[in-house]
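Going in written order, the chains are labelled A, B, C and D, and every chain counts its residues from 1.
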Amino acid sequence: MTETPLIGAVSSTATGTPLTGARIGVVTFPGTLDDRDAARAVRLAGATAVDLWHGDTSLGDVDAVVIPGGFSYGDYLRAGAIARFAPMMGQIIKAANSDARLPVLGICNGFQILTESHLLPGSMVKNDHLKFICREQVLRVENNTTAWTNQYAAGEQITIVLKNQDGQYVADEKTLDELEGEGRVAFRYVGWNPNGSRRDIAGITNAAGNVVGLMPHPEHAVEPGFGPDHTGTDGLGFFTSVLAHLVGGKK
Amino acid sequence: MPRIVVDVMPKPEILDPQGKAIVGSLPRLGFTAFSGVRQGKRFELTVDGEVTDAVLAQAREAAETLLSNPVIEDVVNVEVVADRP
Amino acid sequence: MPRIVVDVMPKPEILDPQGKAIVGSLPRLGFTAFSGVRQGKRFELTVDGEVTDAVLAQAREAAETLLSNPVIEDVVNVEVVADRP
Amino acid sequence: MSQKFNIDTVEHAAATPDTELPWAELGLKRNEFDDVVKLLGRRPTAAELAMYSVMWSEHCSYKSSKVHLKQFGDKVTAEMKMDMLVGIGENAGVTNLGDGWAVTFKVESHNHPSFVEPYQGAATGIGGIVRDIISMGARPVAVMDPLRFGAIDHPDTARLVHGIVSGIGGYGNSLGLPNIGGEVVFDDVYQANPLVNALAVGVMRHEDIRLANASGVGNRVVLFGARTGGDGIGGASVLASESFDDTKPSKRPAVQVGDPFAEKVLIECCLELFKGSLVEGIQDLGAAGISCATSELASNGDGGMEVELTSVLLRDPTLTPGEILMSESQERMMAVVSPANAAAFEAVMDKWAVEYSWLGEVTDTGRLIINWDGATIVDVDPRTVAHEGPTYHRPFHRPEWLDGVQSNTFRASGTALPATGLELKAAVVELVSSPNMCDKSWVTNQYDRFVGGNTALAAPDDAGVIRVDEQTGMGVALSTDANGRYAYLDPYTGAQLALAESYRNVATAGAVPMAVTDCLNFGSPEDPEVMWQFAEAVRGLSDACMELGVPVTGGNVSLYNQTGSTPIHPTPVVGVLGKFDDVARRTPSGWREDGQAIYLLGTTADELDGSEFANLRGHLGGLPPRVDLARERELGQILINASRDGMVDAAHDLSEGGLAAALVESSLRYNTGARIALDEVAARDGVDVFTLLFSETQGRAIVAVPRSEEVRFNDMCTARRFPVARIGVVDAESGSLELQGQFSAPLDELREAHEGTLPKYFG
């Protein structure tokens, strides 16, 4: 078969970043859906997307990792429950916690996998209205100091895509208070809480700021005309952020 | 307060994708003792007063009509349990 | 073949959206005896041979690590059951 | 394992000609059973009987419909053949997109299973149609779901709506396929017989096109995917009791449960097989399971195949050979693989953890031989199973009641009609909040429309648009449409109207219509009046396809949709596929730029019969709107050119609900109002404002034109002698839709009316 139809080198990259050398891994589990979209977002931001297979035991030489959305293993048991035990996740957990602090972004199912892996606290349960919901969602960037959010202004409102079944973020009060106190709530839903998440939390970060997880999908808002109606490209900042982080940091 | 437990399982002859996904992942985690897994539902109904026969009958009926889908599921158990500590 | 049942319930302090929806619809169907409902999961693990202590220990560990997420759920029961007729 | 059954071998069958067989229980007619005996020269074995009975069923053999469907292949012009790479007859047709790209699409029904178990019925409907698309060698890229339910306030409707919508979402969302359109219609004729049609579209490079045939003697036959269980053979358990043994057969499930995760893995796994050119032929397993796959692969190939049935991996070890042949377990595929590729094939299976089993090989004997532990239980000419089933010329006649219905016009019914501005406003609000015309986002928000990152338009726009090639922006547009009331009033015209609307929707988005798929949902073919409706609809659709120059490349027939002796309205769902050179050119249905001019294309006649307005008043009679396909084609050209040359920023076609619905929808799309003046157009067309607003005359659209493009746009319409009128301007400030001299409706009020209905009924 000729190259998979829907991926192609994109003719123009959206930023003038010199970081085309950065290599960002995108993990595929059985049942992952948004891996190709995440890879496209990485390319549009100006970096190289590297496919990572759940069953492999090496991260290769990637500079950061995106765990994309989907329904790994059908999400039948609990979202992310089985994927968390994949060999690749073992590598990612180790690298994220190492001194090198590998930047890791978990989107939707990826966020669920990160909580199941205990890289991020709390968990997700079914949306309070029990339905799958797909909509354009406004978020407020609460923390713009992480590896994945530094190109946003603090308090900036962005519109990206939300789509999930089990998106209600829950944690005990103590954890929630800690998250708030340490500024680790990275994103909050604005206007309407679409799933009953505690304290309108849409995404969080670990204390070091290298691991970020959120339910909505920045990778579906990177190209005008193929995402939310009006703005369209508000999600690109996640991917340019990590490039800026890599440049400013150890690279 | 007393509770009534209702257990609902997918009918044995029906495909159970949940159980199938779990059974596939068990050996990878070193759990090799199990040849099959089926995933069902457990409901705990809290009863306000005493569990009379009428209440139990209601639970049985709710189990058959609301809590399970008789086309693909069986109610395998309805029982009163003591309160959890 | 013998089976081991594992019951997992949402932690009491976690709001259970499914249970809440059920409790809302019970009275509309005439089931008025219940003041609360929680929905959890029931797993049935089929054991190929005998249920030794080692097998039971495996089931307990699978229950705690894979079949439940301690942040939101409790394992409320792990037991061996006779084969269903 | 095999010792359990008293196997009915071919040898045994030949030796026991007088054994009673349960052919009637399996749905065969006496004459059909006699034909089987004649074909074989002996009584069939139990396994052969199982195969013939499922393959000769209405569903698989099209025995009542094929004499009519022939027209789709016969009425084809050179223009229509130009881009057709694979026509009717394969799993799905394939159309050339240029640049080495091809597209395949098809719509199918899953009506009856969805009534019994709405979630699983609808879910497996999506699963089945997606496998059809994969089996052509394509990557599925989107799905659509035309749906029909009973009355919105009927006690059973909520069960069906919740189950069916979440089933479609649950399966499609898990596959990573954006849902880019569909329909939701409520009408009590569908009360106990909802329609769940599912469309899938896929794309591929020309060299990746795969066909379902088993060629190359010595090539190996493999079954892969889910294990085979007792799904879909409930009625067939008679086989077990009567032909095999006397132990009690285990229970056979009445419904199939889908496993979207397994299917997602199957998709990726198949794409990897195609990429490595590892399969010679491939076939999905749908209705009639292994019976269908083996007989079709064999008869489309070198004509022979020999398989060992005990090699099939089972979920339920008690299945008999006949049941294994009939099982409709989901998420399975069958492929033909050359011995040289076998190891590579296995490596792909292992990578994706997909189970497979080698069943046998391709032969040149012209026979399909199926063995059970080495003993032959099936020995047939595969063509007699797959392609040479019975053909019926069922009697049909025009219903006597039709004259009465057609002469009962809405005007003559004396229904009070709105006339003052206030009355008109109330009627508009009533219309846009009615079950059929209200906003469908309660449904569509349960579907992922973004996944894949190539969706350029989806609900609520006129067509769904998907980018195929990221380099050039080339892509496709799709719409599905049908109006059962129109088809009830006149099935010939009704089918043409379905095509016209779908064609118009695709052109409105800016795409060039190229190909058609259809799902013909009708009542019982044994009712001569239903059969007439069917015959008329096929004749109408095939005639209209010729006139519009778009070929039918595939589809599906669903008969026996009725409750007792009451059939549903004839519902010929038509899907049209169009092409964009660059999807960036697509035209959305709503306006947003202040000051742009709003034009109405086409003229309006007094055509209220069968309309949504008449429906609101409980009236169904008269004749449906007239079809003028030449005008549709001309309108399409204008809309396509306008999109390509950047002359319009918004376009919305006029269909159900007429101009009233279109104006409200275009305003609410981006929450941008407009000032509209209708008196001049009404005078031009000789109708009153009420008629102008609510009539459902075809061949019309509204567009928003930037000031700078007005001259060019007008010139184009004039040059084509197409009626056009400037009816207003976009007003971004007012927050209302104003019909000058009639009323002004705040958008908030319209929105509440439009969006409130489905949540009110379904939560």
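Keep in mind that, in the parts below, contacts are C-beta pairs under 8 Å (C-beta built on N, C-alpha and C of every residue); 3 or more make two chains touch, one makes a residue touch a chain.
None of these values were measured; they are calculated from a predicted model.
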item: Pair joined by the larger number of C-beta contacts - A-D, A-C; value: A-D
item: Chain A and chain D, separation of their C-alpha mean positions in angstrom; value: 35
item: Gap in Å, rounded to a whole number, between the CA centres of chain C and chain A; value: 31
item: Chain centre separation in whole Å, for chain D relative to chain C (CA means); value: 41
item: Rounded Å distance, chain B centre to chain C centre (Cα mean); value: 7
item: Residues of chain B touching at least two other chains; value: 17, 21-22, 24-25, 29, 39
item: Numbers and ranges of chain A residues touching at least 2 other chains; value: 73-74, 76-77, 82, 85
item: Chain D, residues touching no fewer than two other chains; value: 259-262, 353
item: Chain contact topology (line, ring, star, complete or other); value: other
item: Complex interface listing, chain B residues touching chain A; value: 17-18, 21-22, 24-25, 28-29, 39
item: Chain B residues touching chain D - in the complex, by the definition given at the top; value: 10-17, 20-21, 24, 69, 71-72
item: Chain B-touching residues of chain A, taken from the complex the two chains share; value: 73-74, 76-77, 82, 85
item: List of chain A residues in touch with chain D within their complex; value: 1-2, 4-11, 30-31, 33-34, 36-37, 40, 70-71, 73-76, 131-135, 161, 163, 165, 217, 219-220, 222-223, 225-227, 229
item: Residue numbers on chain A that touch chain C, as the complex places them; value: 77-78, 81-82, 85, 115-116, 121-123, 125-130, 168, 170-172, 196
